[in-house]
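Pasting in a structure now, in structure tokens, and then I'll have a few things to ask.
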Amino acid sequence: MAGDIPMENFLVLSAILFGIGFYGVLARRSAILILVSVELMLAAVTINMVAFAAYLDPERFTGLIFAIFVITVAAAEVGRALGIVLRLFRDRQTAMVDEASDLKW
Amino acid sequence: MGMEQVWLLPAIPAVLFALMGLFNRLVPRRGDFIVILGMAAVVVLSFLVLLDFQGSFKDGHFAPGDSNFYSFSWVEIDTGVVDDLLLIEFSTFVDGITVLMLAVVSIVTLMVMVYSVGYMHGEVRYGWYFAVLSGFGAAMLMLVVSGNLLLLYLSWEAVGLASYLLIGFYWERQTAAEAAKKAFITTRIGDVGLLIGIILLWRGAGSFDIQEIIHFAEGGGYGETYLTVAMLMLFAGAAGKSAQFPFHVWLPDAMEGPTPVSALIHAATMVVAGVYLVARMMPVFDVALVARDVVLYIGLTTAALGATLGLVTSDIKRVLAYSTVSQLGFMFVALGVGSVTAAMFHLFTHAFFKSLLFLGSGSVIHATEEQVVETLGGLRRKMPATTTLFVIGSLALAGIVPLAGFWSKDEILLVLQDGAGFGPFVILAATAALTAIYTTRLVLLTFFGEPKDQAAYDHAHESPAVMILPMALLALLAVIAGFVALDPVGKALGFTGGIGEVVFTQGHEGHAFKLDPTIAIGATLSALAGIVIGFIYWSGAAERAVRARQWSPEFHDLLVNRYYIDHLYQFVIDKVVLGLATVVAYFDRWVVNETGVDGSAQGISFAGYRLKFFQTGRIPNYALAMAIGVVVLALVAIGRT
Amino acid sequence: MTDNEGYLLLSLPLIPLGAAVLLMFVPSGERTLIRIVTGAASVAMFVISVYVFFAFDYRGEQFQGVLAWPWFENVGFLGENGVQLKVGVDGIAAPMVLLTGIVILTGTWVSWKQEHRSKDFFILLFVLVAGVYGTFVALDLFFWFLLYETAVLPMYLLIAVWGSGRREYGAMKLMMMLVAASILIFTAIFGIFTEAGLGTFDLPALFDATYDPTFQKIMFPLIVLGCGTLGGIFPLHPWSPDGHAAAPTAVSMLHAGVLMKLGAFGIIRLGFQMMPEGGEFWAPALLTLGIVGALYGAIGALRQTDFKLMTGFSSVSHMGYVFLGLGTLNLIGMSGAVLQMFAHGVMTALFFLLIGALYDQSHDREITHYSGLAKQMPIWAVFFVIAGLASFGLPGLSGFIAEVHIFIGAFRAYPIVGGLAVLTAAITATYLLRMFARTFFGEADPRWSGIGEITWAERAGATVLSISIFALGLWPAPWIDRIAMGLEMGIPEVLS
Amino acid sequence: MIERLPLPAPLAALLRRAFFPEGSFRLPLPAQLDRVIIYGGLVAGAVVTPILLVLIVLLVLNVLTAPELVFWLASAVIIGGALGSVLLKNIVHAALSLVMTLLGVAAIFLLLGSEFLALVQVLVYGGGVTVLLLFGLMLTNATDDPIVSDGAQKPFAFLVGIALAGILSVALVDQIWGAPTASTVAFRELGARLYRDFGLPFEIASLVLVIALIGAIAIARRDRPEDTEDTAMGDGA
Amino acid sequence: MSELNFEYGLLLPEFILVGAAAAVLMLDAFREDLRISRNLLPAITVLGALIAGVASLLFLDRDPTDFAQLIAVDDYTTFFRILFIATLIAIVLGSYEFVNRNITHQGEFYALLLASTIGAIYMAAARELLTAYISIELLSFSLYVGVSLAKTDTRSGEAGLKYVLLGGVASAMLLYGLSIIYGTTGATTYDGIAAALEDGVVGTPAFLLGLAFLVGGLGFKASAVPFHMWTPDAYEGAPLPITAYISATSKAATFALMLALFGIALDAAKADWQWMLASLAVATMVVGNLIAIQQSNIKRLLAYSSIGQVGFMLMAITTVSDASGSALLLHLAGYLITNLAVFIAVIAFYNRTGSEEIEDFRGLAETQPYLALVITTALFSLSGMPLLAGFVTKFVLFQAAAEEGFLWLATVAVIMSTVSLYYYLKVIRQMYVAEPADGDSRWRLSPIAYLTTGVLFLGIFLVGLWATPIFEAADGASAMLFG
């Protein structure tokens, strides 16, 4: 289907997405938005995986399997992370990450 | 009992020392009679050795080394490198000086021991006193018979230890303890020089044996300056022990010890060890003439210094101490011009009359419990025997004709005149006169004139026979000792060429003893003049002496303060040595300790303290750290290719 | 000494360890039982040490009583007999074993009167002794270093819990400096093992391996500074005075008496025997450090007013002599150094024993506070004088023999240094005699009227130590033959 | 809400009337949700339509082929959504823009020839994760003050983001891949490969999901009274 | 496709563990109705673990077989299976009192532990990137949950949050690295990658970037320095057994995986990643040990000390070879035993006093001498003192590093282990030298606590004095990797 699109496009796209995701993690204060950014990074990974599988490894397409597992893990990740965020909220009435800094030095 | 068994002489008192030291409480009379018997045996043995020595004295000379008898190796390391063998052995050696010293040491020690029975009666550590005395005797005898320099050094140190124990005998008194300490440290500093000298000599000759060293030196083995430095170091050791000029400070303080000890150690035996050492090594000194001249000049200054200080001291024993320093100066002057015979002869005579004087002063102290001359006076009525014996001794010291002092002092003046020209001769003659003066002063102030302190005078009583007898014997010896030197008497005693022939060392031809009339008369006249001056100044109420003092108070103070030498030493010790020690201690505490060790420890924990605050606790910072980590890794990875 | 006597050698470290384990099961209240166990163990060790010393045949080959049990073999980087528990004694180790035997015997007797948790005290003390014995008899570099560190391990607790004065500071400083020093030894061992490339830690094999000179020049100073710190070498000595001042009697006896010798022993075994060229290159530096240390220690001691600090400084000074002797690179000087290790070991042990005895009664270590002690404690004073005289090299006592060898060796190498060394002996004399004069003689100070004579255990201990001082002093032949043979066989190339 | 859009006044009025007549017709959904969807649709439309127009023009000029058009469109949607979720102040909008990105990614997967993966993406991300996020927002009542200020280290974050994106793209581009061509994957082989060759990871993944499930419940659950009294009674066994 | 062997029998131990986990969960859910006592849950966990341990012993010394090229079941895996199962048993036994008192969800707790042990085993066994990744996720997931299980303590929530979020970022990085490596080498099995690297893919910028991200991701899991920030907070926040578990199994599993990954797959590209790990190792040692000096909470201190230890282990990975492989395994065994000894002793102390401050260890030698002895021995062993496990293992580890030409690294390691002695001594000082707070009387440990600490205490001495059996096992195991 996408025979003539050069693979580099996809890789650059995933790189940019990864960069944005990392920016999101560093810049955001709310725990949920950090989770969102992590999801972005994982999406970038899946694009990468699928691109490599499709272009370089057509007969064994291990990348695809990898992508599937990444998605499942990402989903599980969000679920459990939200559980912990709720716990944090119940303790401190805020979801802002930099309030949670009792453990230091 | 020949010369081979000469090691027996030191062995007997040593064994007695060990036994008495440990078990004197168990023996009746604390074992004093055992020690005296032992020493008596040593005296007899020394005479036997003398006889045997005469026997083998055939052609008047000794081949080097053949008299090295009994020896066994004590420490032996064969380093495998050719002739680099460290051999410390226990070897003995007998020759003229040794025989003489054996006689002197044993006789005087015996006399002092007999005397001490009376003097030390009732002391708390009576047994220990006799044990250490016997120990001292053993060490001195060992020193005299030792064949190699290291063994000599060993016994040298042992003698120092014995003197430390004896000076500090009344250690309850802080002053006695301080005096003992001062004596031991000063001699110890001298011994540093001695040890360095010995090792330097060993380094060249490859062995400690005295004969081999002499042989090597005469063969020109050592370099010029090397040998001079070595011999100067050796002389420093001798000067330390014999209280010569730079090291004389300890002898006057050493009077804190009991008087018999002073008599034995600080008159006859220990202090002359230095003279014996230089005499023994004279052949090597002949090679290093520069060193010999140093000996001469040091001897001269000490003689003069001792005599002048004798004039102003008020304590009997200190006067005698200064006189000893001065007389030792005389002996070193004789050695300085290379005449072993004159020096040893003076040593021989001096031992007797000086120990007599000390014992005399001892009986005075024993009687009046007083030492300061000002409080005594007029004791001649109360203590006739002591007075007469004391006068004989002082006349001998002053050098009046028939007595021993005259012969030996005259001999030195004669030898000096040939050897070192006019200047030193005049100084020594003046010193001889001075000797006469301070001797008379002492006698007058103590025994004649009116009693100054009635209580002391009443308390005075004649000493018991056990003290008077040894003094009398010594007095006899002080009288006849002089005649030994004359040829007829020498031959009578069986020495073919007279005593002069005997008292010399290998490779050094004998010195025929002769009497030079001019010097003899000159010396006697100066002595008489000294006595007359003494009378003028100090007879009766000694008002003239007082007036003399007003005449030049600052010179008088100079003398009283012993030329401020003691203050100089004290200053040096306080400022330089202890100052340096404070600097080192300070350096150790602040530089090495605080900054070096603790500093680095605090530095590390401070680094930890700084790093700790990177852990802010906030997630974005942690994420940023991770991000930086990865970015840096990536950049460097790319950069490296 | 036949090979199957190697079991005796192995028993040396095992007896104290066994005793320590045995003590663990003894309830801490049972003081008599503790005494029996510790007494028996110390006597056994002493007897074996004496036997080992005299059984050592100084005409036989270099290492005697050699036995080996394989531990790790061709596993990981280790090839044939990689690490093995190998025991054996050579000329230099035999006197050291004797020294340890003497010091631990007296140390145990002295610390019987330790009430505060004495069981744990003895357990740790015996671990320390096991480490020391092990290091002297080990012929395998791995076990050598393991036991070298074991000797340091219990020091912290021993000083921190049972010490006195600034004990925590002293303990921490001592522990940290010694372990920091072992960094250098660690690195050197890794370097040597890799450089030798034999895949084994067997010491005799490593001795025979050839290392290129540049490698040796880099590694030798590491060993000198690493082991030297334990030996109290000049720049790295501050732990010694503070550590000893804070340590309890038996520990400072063992430490100054034996552990500091471990450092010098390490320099000989890992330094000179392993890397002769390195040794030759760095010998002048070692010599300078030695003489500087000697002078520094002596002058430093002049100023000290605390008994133990003064003895600490004097130990630094005497160990300076040892390094000076090692630096002379000739047989006489080096055997003088080993002699000094033995002589000083016994002297300092006696010093600390006596100071400890005094401190236990008066709890005050200020010299200036005492005077006229000889009145109240005559026997104590006599022993103290013996130790003092020995320490400034009076002939007839152990100090003189060692020092004379070192001086002769030093003069053969560098006369000026020899002169300085003899001068240091004089300075040592001054501060000791000054102390004698001030504390023993003079009027008795009423403040200390309560002090009585030292206990029988201390008297026995002091006698044993004095006998060994006199023995070495009067008849040094047995020691010298063994040491000379050990050195000649051990480091033939180095000796000029 | 429409007033703020940059539209000429009449068009805006038209739109308002069209969508919000006074009588404001209601989608058969809860009030809250329909406004969300409407707004979402509006925003997406506003963003996508101009790009679509441009692409169509290029297609017509046959510079682009059909797949490339789809690729550019999808990547535009992805990047737009990503930036939205990262930069928007309003927490709810940011969370929702994530959905846009994920759907874009699904399009990419279609492009790369694996329909199954696109389907999974839409289902799992589009459905599950988004709902979860919304629940999260709702439970941490982020809706009542949705404005969230940015973190302190925004400049650093920006630098890192740029650096990472830059390095990665540069490195990946100049790696010589040999210009491979994409190929679609048969669904049946995918199944076989997944369940036979990678059976073990599959089971481990199942364990991971179980653990996540239990964990989330255990942590988030408010403690039951009898739990707490257990601890009180905790026998000092 | 079909020639891969799917002999599920090879995975028997893991199945047993899963079964145990399921049983524990079920029993916990129906506890009231079945009226079973509290102690049944730990009993089942331990029983399950024992059976699994025995089962894994069956595979000992069998010729190495792989399961669908995903994992290898050989001595290497058996070594780690036994090691992890033993750790699990030790922790469960050591902390079941603590769990009864402080954790409300016992069932979940034990299930988590079992699940993470399975994850750890598969990490060690993995010979393929995907399996490795998914097992890392399994281990991390169960630990994320475990950290925030202490419902009563707010610190646990905060620690959980940090660990989860940062864990997510780290695994994203790791995945990105894996994808690039997969892209550049075209294979996901270790052997496949190794083959690809043989014929010259090495050194291209993309591959290097892949390595950088991989090292970053793994660095997080191992808590190497730039990525270590989560460790101290997670250790302090998490309940004590979980902290023990993280410091023991999760670290060991990560290193098992890294050794296999770097040993087999990336060995050819050694020059590219050796400097990365070396610099990470140095940074980790230095920072870990330095900050530890300042700590006053025992858990935080042990966190930094474990970071320091990670620095030493990273050194072995840097010099990856047969010698350093066996050295690392030996060190891991020694480290696990010592670490568990400390933690279980601290747990026992916490059960009694309820405090984690070093200050409160005052006079422990008086009040509970046995516990003080165990802690002192363990701390001395951690710092590498002789007669104890630490000395032998560290000596062998550093010598292996020096053997491969990294003498300077070994020296840094020795310096840092000396620094570590300083802060261990501060704890020991508190126990032995400081007087007990007034009113503290002597107290006794529970029999189980005595048993576990006693076994571990003897274990430390055993490894210290007669480490040959373990060293031979480690050497055999690492021989599997390096052929």
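Just so it is clear, A, B, C, D and E label the chains in written order, and each chain counts residues from 1 on its own.
Operating definition for what follows: a contact is a pair of C-beta atoms (placed from the backbone, for glycine too) under 8 Å apart; a residue touches a chain by one contact, two chains touch by 3 or more.
None of the values given here were measured: they were computed from a predicted structure.
Asks: What chains do subunit A and subunit E have as common neighbours?
Replies: Chains that touch both subunit A and subunit E, as defined above, are B, D.
Asks: If I average the C-alpha coordinates per chain and also across every protein chain shown, which chain's average lies closest to the global one?
Replies: Centre-most chain by C-alpha means: C.
Asks: Farthest chain from subunit C, going by mean C-alpha coordinates, please.
Replies: It is D whose centre lies farthest from that of subunit C.
Asks: From subunit B, which chain is the farthest off, judged by mean CA positions?
Replies: D
Asks: Of the chain pairs A-B and B-C, which one is connected by the greater count of C-beta contacts?
Replies: Per the contact counts, B-C leads.
Asks: Report, in whole Å, the distance between the mean C-alpha point of subunit C and the mean C-alpha point of subunit E.
Replies: 42
Asks: What whole-number Å value describes the gap between the mean CA coordinates of subunit D and subunit E?
Replies: Once rounded, the distance between the two centres reads 36 Å.
Asks: Which whole number of Å gives the spacing of the CA centres of subunit B and subunit E?
Replies: The separation of the two C-alpha centroids amounts to 79 Å.
Asks: Measure off the straight-line distance from the CA centroid of subunit A to the CA centroid of subunit C, and report it in whole Å.
Replies: 65
Asks: Could you check subunit E for residues that touch two or more other chains and list them?
Replies: 130, 134, 137, 141, 144-145, 148, 160-162, 165, 169, 173, 180, 205, 208-209, 232-233, 294, 422
Asks: Among the residues of subunit C, which ones contact at least 2 other chains?
Replies: Answer for subunit C, listing residues that touch two or more other chains: 176.
Asks: For subunit A, jot down the residues that touch at least 2 other chains.
Replies: 11, 18, 21-22, 25-29, 34-35, 51, 56, 62, 65, 69, 73, 76-77, 80, 84-85, 87, 97-98, 100-105, in rising order.
Asks: Which two-chain combinations qualify as touching?
Replies: All touching pairs, sorted by chain label, are A-B, A-D, A-E, B-C, B-D, B-E, C-E, D-E.
Asks: Per the contact definition, I'd like the list of subunit D residues that touch subunit A in the complex.
Replies: Checking each residue of subunit D against subunit A gives 65, 67-68, 70-71, 75, 78-79, 82-83, 85-86, 91, 94-95, 98, 101-102, 105, 108-114, 117, 120-121, 124-125, 128-129, 132-133, 135-137, 139-140, 142, 148-154, 156-158, 160-166, 168-169, 172-173, 177, 179-185, 189-190, 193-194, 198, 201, 205, 208-209, 212-213, 215-217, 219-220, 222.
Asks: List the residues on subunit C that touch subunit B in their complex, please.
Replies: 173, 176-177, 235, 237-239, 242, 296, 299-300, 302-304, 330-332, 335, 371-372, 374-375, 389, 392, 394-396, 400-401, 404-405, 407-408, 411-412, 415, 418-419, 422-423, 425-426, 429-430, 433-434, 436-437, 440-443, 475-477, 480, 484, 488, 495-496
Asks: Across the complex, what residues on subunit D touch subunit E?
Replies: Contact set of subunit D toward subunit E: 167-168, 170-172, 174-175, 192-193, 196-201, 204-205, 207-208, 210-212, 214-216, 218-219, 223, 226-228, 230-231, 234-237.
Asks: Can you check the complex and tell me which residues of subunit C touch subunit E?
Replies: Residues in contact with subunit E: 71-72, 75-77, 127, 131, 142, 145-147, 149-150, 153, 156-157, 160-161, 167-168, 172, 175-176, 179-180, 182-183, 186-187, 189-191, 193-194.
Asks: If you look only at subunit E, which of its residues touch subunit B in the complex?
Replies: 161-162, 165-166, 169-170, 173, 203, 205, 208-209, 211-213, 215-216, 219-220, 225-227, 229-230, 232-233, 272, 275-276, 287, 290-294, 419, 422
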